[in-house]
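The two complexes that follow have chain A in common; it is paired with chain B in the first and with chain C in the second.
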Partner chain A sequence: GPLSERRLMDVRLGELPMWLATRDFSPQGLLGAVQKAWSSYHDKYINVKRGGPAGISMLLAGYCLLSYGWSYQHIKCHRWRKYH
Partner chain B sequence: MNLSFFDQFTSPCLLGVPLILLSTLFPALLIPSPNNRWITNRLTTLQLWAFHLITKQLMSPLNKKGHKWAIILTSLMVFLLMINLLGLLPYTFTPTTQLSMNMALAFPLWLATLLTGLRNQPSISLGHLLPEGTPTPLIPALILIETTSLLIRPLALGVRLTANLTAGHLLIQLISTATTALLHITPMVSALTMMILLLLTILEVAVAMIQAYVFVLLLSLYLQENI
Partner chain C sequence: PAAPAALRSLPPPVAVGVLHATRPLHTTQQHLAPLPPLPEKGGEVRHGLIPEEFFQFLYPKTGVTGPYMLGTGLLLYFLSKEIYVVNHETVAAACILSVIIYGVKKYGASVAAFADKLNEEKVANALAMKNAAIKDLETAIEEEKKEQWRLEGRSYLFDAKRNNIAMLLETNYRERLMMVYNEVKKRLDYQVAMQALRRQKEQDHMIHWVEKNVVQSITPQQQKESIAKCILDLKALSKSAQAAV
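Then we have the complex of A and B:
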């Protein structure tokens, strides 16, 4: 279909900048995108009849990675410590 | 090892934006709001079972008027439980290690129980300041002691939670530093320290859950006296 109506997973890598240009970056647009992403993740991995630990574990692993990214600037200084 | 061992408790900041709000709100993602189905997914079923258990446990000693507090006490319990447990993951930040946050939770809730008691049944609330059967000469001293004990409750609530979690996180950090430092020198002692670290982590999981429970239980006890 036309570029502006395709989901992120259906967009080819070369078309990515053009697809980003068609997106709505207002606060409501961003909020809607976040909500859509969350509900698609939730319905695919958590809201299933026979889910397992995988759904939440991916979420927690993502949270750990995010926290690492947040504290990266601080942790970077540890490379140059003399005594660990 | 950090530049100082207390660096893990600094409020995370990214480009000047305080991230403590995001760390506090993250547990909300892990508790999906129940949809209109009778049989929900496994996660929601587990959580609903846990919430029912918590609510029953907290609300059974309270009278009917106290049941109005069910939602705030249960949600407080779940909030603290989630935050404490999430803090045990690597690199995460635990908001409940900040004294400011725990005092902000403890003080208003304790004050609410106190004011409820003083407003609705003032003589019974004040009567709690003197235990039954005290010998007459001791009465003035005991009233002073009980008043002090009453006024120190919010401080105790907040500091108990902060201190337990902070101490636990610090211990984990110290022992893991020892483990990695000893790895090159004496692997055997390092393995022993690793065992201690594993046991400590299990203890910290227990402490995280117990501290959340104790906080809310004490609040419900203060409520019982006053409602």
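Then we have the complex of A and C:
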């Protein structure tokens, strides 16, 4: 379909800047995008009859990675070696 | 009268037609059927962390071991360049992860069974309510049909009522007829009794008058003569009687 209506996963790498240009970056647009992303994740992994640990474990792993990234500048001071 | 008309002439309030919503409502077709059921299982996730789509994405180019090689390579790179620093938090993370994995592996199935049982009870309750509602409605339909059947008998009901009324009218008519007959008879009897009374009175009066005149006409002389005659007759009779004995 046309570029503006495709989801992120269906966009090819070369078309990414063009696709980003068609996106709606107003607060409502961003909020809508976040809501859509969350609802698609929720419906796929959490809102099922027989879920497993995968639903929340992925969220927790993502949170761990994010918090590591946020505190990276502080952790860099505790390196074992100076030159890698 | 005057007040409601004045109120009606005011402009409508602002809230009419303006619904505050962050997203447009009622854009898709109206679903008249029940919602589709929840999917049975979630998306496939390998080792609880990486979705299966990633493995499928790499399979055509690198085969089955591709993602694992990628993971190992990335891990070694982060460790060697100390992008991931090994410190006390690593030990803590290792302990926590091992405890979590042990817990999930050991008690996962039983917790899942418990949750499934709760769900089943809820579904069974809802189903029971639905069946009860359906049964109630069916009995209501039966009752309604019976009422409709009963309605067909209203002609008999009206015939019976008509008969009752006719009988009442007939009874009333006959009662009045009887009353008329009695009244007329009473009046006629009265007339007859009057005539009989008059006749009797006339008779009595006449007899009395005749007797009175007869008694008056008997003079004393005639009385003596008749008494003497009677005595002579009696004597003659007694003689003949004595002779007969």
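Everything that follows uses one rule, which is that the second predicted complex is superposed on the first by the 79 of 84 C-alpha atoms of A that agree within 3 Å, B and C clash if a C-alpha of one lies under 4 Å from a C-alpha of the other, contacts with A are read in each partner's own complex, and residues count from 1 in each chain.
Definition applied: a contact is a pair of C-beta atoms (placed from the backbone, for glycine too) under 8 Å apart; a residue touches a chain by one contact, two chains touch by 3 or more.
The shown structure was predicted, so the numbers you read here are calculated from the model rather than taken from an experiment.
After overlaying the two complexes on the shared chain, residue contacts for A:46 are found with chain B and with chain C alike. Contacts of A:67 after superposition: chain B is touched, whereas chain C is not reached.
Touch criterion met: A:57 reaches chain C, while chain B stays clear of it. When the shared chain is aligned, no partner comes close enough to touch A:7: not chain B, not chain C.
Chain A residues in contact with chain B (one complex) as well as with chain C (other complex) are 46-52, 55, 64, 68, 78, 81, 84. By the touch criterion given at the top, residues 22-23, 37-43, 45, 48-49, 51, 80-82, 84-87, 93, 104, 108, 112, 116, 119 of chain C touch chain A in their complex. Interface of chain A with chain B (complex): residues 38, 42, 46-52, 55-56, 59-60, 63-64, 67-68, 70-71, 74, 77-78, 81, 83-84. The part of chain A that touches chain C in the complex is made up of residues 28, 31-32, 44-55, 57-58, 61, 64, 68, 75-76, 78-81, 84.
Contacts from chain B toward chain A in the complex involve residues 1-3, 7, 10, 12, 14, 19, 23, 26, 29-30, 32, 35, 41-43, 86, 89-93, 177, 180-181.
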